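Down below are the structures I want you to see.
After this come two complexes, each holding chain A, first together with chain B and then together with chain C.
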Partner chain A sequence: MELEDVNAETAIEPALQSSSMMIDAAPNVLKQSLAERKQARKERWRLLRRRPGFIIGAVIVLFWAFCAAFAQYVVPYNPFDDRDKRHMPPSADHWFGTDQTGRDIFSRVLTGARDILLVAPIAAVLAVIMGTLLGMIMGYFRGWTDNILSRFVEAFLALPVVLVGLYVLTLASQSDFLQTISFNSRNILVIYVVAVLFTPIVARTVRAAVQGERDLDYVVSARLRGESSLFIMTREIFPNVTGPIIVELTVRIGYAIFTVATLSFLGVGIQPPSPDWGLTISDERAVLAAGIWWPVTFNALAIITLVVAVNLIADSIQAVYQK
Partner chain B sequence: MTKYIVKRVLLSLVTLWLLVTIVFLMSWALPSDPARAILGPFADEKLVEDFRETFGLNDGFLEQYFRLLKGLVTFDFGLSYGTKQPVWDVLAPTLWRTAKLATLAMIITTPISIFAGLIAAKFRDRRLDRGIVLTGLATSSIPEFVTGTLLAVVFGVKLGWFKAVAIIPEGTPPLEQLNYLFLPAMALAIVYFGYIARMMRAGTIQAMDSDYTRTAAMKGLSSSQVMRKHVLRNAMAPTITVMSVQIGYLVSGIVGVEVVFNYPGFSQALLIAVKQKDLPVLQVAVIISALVYMVATLTADLIIAWLNPRIRLEMGN
Partner chain C sequence: MTITESTSAPTATNALEVRDLELAYVVRGVPRPVLRGVSFTVRPGEAYGLVGESGCGKSTTAYAALRYLPRNGIITGGHILVDGDDITNLDRNGLREFRKQKASMVYQDPGSSLNPTIKVGKQVIEAFTVLGQSASLAESNALQALRKVQIADPERVMGRYPHQLSGGMLQRVVIAMALACDPGLLVLDEPTTGLDATVEAEVLDLVRTLRNETGAAILLIAHNLGVIRSMCDRVGVMYAGKIVEEGNAGEVFDAPKHPYTVGLLRSLPRHGMHKSQSALSTIPGTLPTLGSELPTCVYVDRCPLADDTCRNQVPPVVQLDGGRYTRCHHVDAVAEINESVPSTLRTSGSETVLQITGVSKTFRQGGHDVPALVGVNLSLNDGETLGLVGESGSGKSTLAKALLGVHSPDQGSSLTLDQHQLASTIEQRSTADKRAMQIVFQNPDSALNASWTVRRILQRSVRKLTGKDATAADERVAQLAEHLRLSPRHLDMKPSQLSGGLKQRVAIARAFAGDPRIVVCDEPTSALDVSVQAAILNLLAELQSEQRTSYVFISHDLGVVRYLADRIAVMYLGRIMEVGTTEDLFKGPNHPYTEALLSAVPSVDGQVSSRIRLAGEIPSPANPPSGCVFHPRCHRAIAGTCDAAEPPVVEVSLGHSIRCHIPADELKALQSQS
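Up next is the complex of A and B:
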């Protein structure tokens, strides 16, 4: 379900443009380019605020972030309290109805944002950190290092994320080794699995961006100055590829939510009694045929608003960086 | 062309070997004791030992590794922990049902998406274009199981137009089977619409803005001729790539949809395998879907090379 090729290619352009401003890394030029970079950042932020997609997406994401943090203190009912009134349709008392053990669905949907908004973004951030390191090494050193690592990245890309998730999470659930190094929380395990599976995709984008930079004059001159590879990678190239990395991060957060929701729906992700949306849809889909539509519908709408909002933001950021 | 094909197939084989190795290493990186996990902590030591012997868990690292590699050729992947049947026999019957659903989804989504992409490109930056792009962005970002659930609620339960449970009774004629398969296929089609339409739009716009299209128009070809011979042909290449990638991911996305509609495909075998901690079945399922992905992308690359002689010549060397 990805559009990696497109991202990887289009993402290089902004990096190429911004780097051409820097001719030499001499101090005064450096200072000037820092000011230019700040200017460019201001300009992008101004463009971003003018995009309705970004504003709408940001408002929705902020709403769910607020729910993730505070919903448990403001919802009308305790989302974990069972009541007698099972599977009651939406009413004035229970706006979204009640579920199979009589819990208030409205309260559960609002608090259900919590786990996924912890797990998915952390997984995406980890993947971007690891993928950036890997991609910088591949793009900078080229040759055999790149050749071998590229084959591995390609092999990883052929692996379907959800199926590998099913396999690894089942494997991990019976591994004594993981219990001993305190992987006792399923959420932490899901974070690691998703992060590792997303790393090669990020690496490929970053590699392409670094390759666009490494032969430009400022990198060549730094090499002639005798700077170490580490210095060139972190201080010279990295600041010029932050654009593609930021775009990659927002896109990855969207996919991470997508993946974690699916894994939870399939029963290997976030675990009960969490009011997680994917988990609830999985629990309540059996009663759908009996006409009890409200438990799955409101949770489905919650997932939709979150993923669409995140993708609206990602799309806007991508568009602004490509200008 | 032959040289190009050989080169691509050989590279794919290297990738296949690597990914099988990665999947195999995963089970060694997360050391587990399937015999104990399945038989329980209080099972007789003798039983546990028998289990390990039956499934070859006492064999060494290399022995198990080569057995898996050999399985790729012979399709003998050992026994399932759950049913004690050969893994391939567990998966094969479910695979063709999944293929049926996937094919139907592609048949629905391909013409609609390509048409929508063309229309969007033609009315670039107008309201219709914005609408198509935004719809595509929204539908492709929603997980397949969510789309499937909502379709089941609206068209299966509320309106009752189609079956919300896709268990097809034995002996149903093919056309009537559509009644069961339509909603799950739509759930997949809606998600893939966005990717294909957006790619088609981008490809068409690029082709329409290019010099060769301008030349074709200036030498007096009719607009339909320009469209057919110059724009479409070039706009198809990225679209085919995206579609091939989608076929690969279809295998992953289809799992959620099948579960929503209780469709007895691939995913049913997978969910049972998860419950029974049936690692051999899961392992082979991962490898098979990766294989589908690789075959799809390889085929797409070959079609693109065939469509565009420039790529064909470049890649040959």
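Up next is the complex of A and C:
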């Protein structure tokens, strides 16, 4: 039956697929088998493109990614240049107004995407890599290994991410060791810290996915022909849990952006003179009470749009993978 | 048989009338026809059965009868009348009222028709409160309803959550809820699929009783022809969205008049058929693609009688005696369709391949010892099939896994393969030992890695088990594929692109990758349609005959076991209760448990079984009954003996042993009476 279902599936949407994929008779369906993985991806892509949430999210994220890469060349003012006109409200000259040293906020908001869009996604990718390794080991070996690792993971999960981040990053300024491994770059240190803090959450998700797979008969069958645990984990199980891992990655990127912005706000994340959003909000929050709303508001809006956009993408990917 | 000729006057309105129903599923904007003009009537108080293989549209018909259709299911023609009212175009509110009052449905999986987070009692009561009854009235009615479905202790059951009840019990609860509104029509969609034969027999008995009590008409969907035969007055055989033959259940099954019915019946191992006598008939080809154009006879592509007439003209509806009809151009030739092919199989040898001595397996669960296997002794000869039967929970699969080393058996257990001791876990066994014993699982979906191609699956097994290099392995894969009748194009597909039968072939090919001595088959055909099952069973028998492989064949289907097995072992609560040749086992005398298992099977041949019904459920192995573990459910238990001492294993005749206190002669006398 499934064979026919595949036929039906592929036959139905000829308009969106290349003509070679149009299937009428059973034998032709087989031609695709080589390109099949590609086609599954294509199918998911097609489903994604149908979701307005994904489109909106993607447009916003692409916009910020563009800013991160090229904003410095296109903004009207140098974001680091001080001017006499301090705390000017938004005007035709300065669309978002100016800040406490007279820098153009519009230019700073656009260039401010750079650090966070570098730090947060890299941290999330690292967290997913480490979490996947850990989660696969926990899910596959179960028993004592899982018990011990799980307790660690749970202990880690109980700690508030931002608080621990704040603690470690504050210590870091005094620690020679941390300064050595971070090559003296604050951003790299932030990446490490966020990645480590996110690892247990990813590990738990991957563990659950691996546990669902490991009891299936194909794993027993692999054991019966004498495969090693490493082989079973990496070649048999891993390809079947990539869906949840990709979903986890997109979700984690959203959280990482938020966390990095928070840490910067607290003064331990991205450091001045970066026009980073969290940092700027922190610098300008005191004048909010004086009615100078624009420095905080436009930077906050930047964070909000980016986080919401990433979450919109994450939701869509999740929905598509769970079909 | 339960033929109660419909007593209603011909003028009475039919409980269900389906007229030329055409239905399509819209898949991405394109309607794909599923039902192609289905017409049948269910008279008041009648039981009507729909049979056919999966994908023929029988479940769709059942759901359509109550207008439970998915959003993409659209009725493109015809009418559905329930109790004389046309429900084809009822709106939401109308449907709600209709379902509340006139008809109910029972689904295949009772576990998923109940909400796992709500106590059973509340759910049953709700079935009455939606009818507008007050809380207290609904509660008393719910209790009564549960009593009516023969639940002994309804108060206790009402306080339970669904997961705390067994499958049979849940299905009773669901039936009780379905009967809450005293419906004129009860639709049962595979109500006993997935239940043990003993439980199935009980549920079917219950449905029969309720039908007599309430006078409800029944529309029964089942793929098990025996179930249909034992339950229904009339039967419709469906194929590709059309009823190809309809008539009195007994007549249709005894003298089928449509080639498809003939094919279905002949693919079943029946009349005590054995692999050594004849191969099973199969239906060539596969079901037509969903929604494909079938302008003339729907069965033409697979029919042995098909000729140009069949290809060019719509077959006439041939009316036969007794209100029967069949849609076939060649009704007279149907009886001449060739019987099955005589078998040319070699018989089993006499050399012992595997000796199982005192194998026990105790699991630790929540600080308690749970003995899942207790002192199992069995032997297996070369080229022999040992059938392993018993209800679920009897330890069949645990035994299989202990043999394979997936579970390591307890201390003192001994497994000898070709005269040498096997290590207890698979990881400790040599490659030769791994190669010698392989398994075919019940569910090929989970047995095959969904992200691997068939080629990779087979190649990996060949390389790992035989140590061949890549080119030699490729050759072997091609050879295996040919043996298993997988075409080369299947090799580059992933399991999800294959049909159930093909997937199972891949699983079998994998098991045979290293020319094993023993293959454990764990219910290999229970997820397959009968015609596919027949092909797989033939294939297994052929492979065995060619390669002298021994099988440990686990199945709950006694017909299948009887066909394939040379010897049968009956398990209960981790113990072997009876073991003997297939012939001896079906001849008797039997252990009372075997006797009950045998009589629980609904027969498609219409033989009236003596109906021994086992009381209760299989007890928990954590807390086995005293004495003979079977005594609480045994219909022949002797008080004071069976509950006090473990019964001895008595050899009734050479190679036929029974674990029972009752002497064999007495068992024989008792069993010939019933």
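What we mean here is this: the second predicted complex is superposed on the first by the 279 of 323 C-alpha atoms of A that agree within 3 Å, B and C clash if a C-alpha of one lies under 4 Å from a C-alpha of the other, contacts with A are read in each partner's own complex, and residues count from 1 in each chain.
The rule we apply is simple: a residue touches a chain if its C-beta (ideal position, glycine included) is under 8 Å from a C-beta of that chain, and two chains touch if they have at least 3 such contacts.
These numbers were taken from a predicted model, which means no experiment stands behind them.
K.L.:
Have a look and say if chain B or chain C is in touch with more residues of chain A.
P.N.:
Of chain B and chain C, more residues of chain A lie in contact with B.
K.L.:
Quick one: classify A:151 as touching chain B (first), chain C (second), both or neither.
P.N.:
It touches chain B, and chain C stays clear.
K.L.:
Tell me which partner A:226 touches in the superposition: chain B (first), chain C (second), both or neither.
P.N.:
Second partner only.
K.L.:
Please work out whether A:265 is in contact with chain B alone, chain C alone, both, or neither, and reply first, second, both or neither.
P.N.:
first
K.L.:
First (chain B), second (chain C), both or neither: which does A:159 touch?
P.N.:
Once the two structures are laid over each other on A, A:159 reaches chain B alone.
K.L.:
Should A:62 be classified as contacting the first partner (chain B), the second (chain C), both, or neither?
P.N.:
Neither partner.
K.L.:
Of the residues on chain A, which ones does chain B touch that chain C also touches?
P.N.:
Correct list for chain A: 1-6.
K.L.:
Using the touch rule from the top, collect the residues of chain C that touch chain A in their complex.
P.N.:
27-30, 32, 54-55, 286-287, 289-291, 404, 406, 426-427, 431, 434, 437-439, 441, 443, 446-453, 460-461, 464-465, 489-490, 492-494, 496-500, 502, 510, 513-514
K.L.:
Across the complex, what residues on chain A touch chain C?
P.N.:
Within the complex, chain A contacts chain C at residues 1-9, 12-13, 26-27, 29-30, 33-34, 36, 216-218, 220-221, 223-227, 236, 239-240.
K.L.:
Going by the contact rule set out above, which residues of chain A touch chain B in the complex?
P.N.:
Chain A reaches chain B through residues 1-6, 53, 151-152, 154-156, 158-164, 166-168, 170-178, 254, 258, 261-262, 265-268, 278, 281-282, 285, 288-289, 291, 293, 296-297, 300, 303-304, 307-308, 310-312, 315.
K.L.:
Please name which positions on chain B make contact with chain A in the complex.
P.N.:
Against chain A, the touching part of chain B is residues 14-16, 18-19, 22-23, 26-27, 30-34, 36-37, 134, 137-138, 140-146, 149-150, 152-153, 156-158, 164-165, 191, 195, 198-199, 202, 238, 241-242, 245-246, 248-249, 251-253, 255-256, 259-260, 270-271, 273-274, 277, 279, 282-283, 285-286, 289-290, 293-294, 297.
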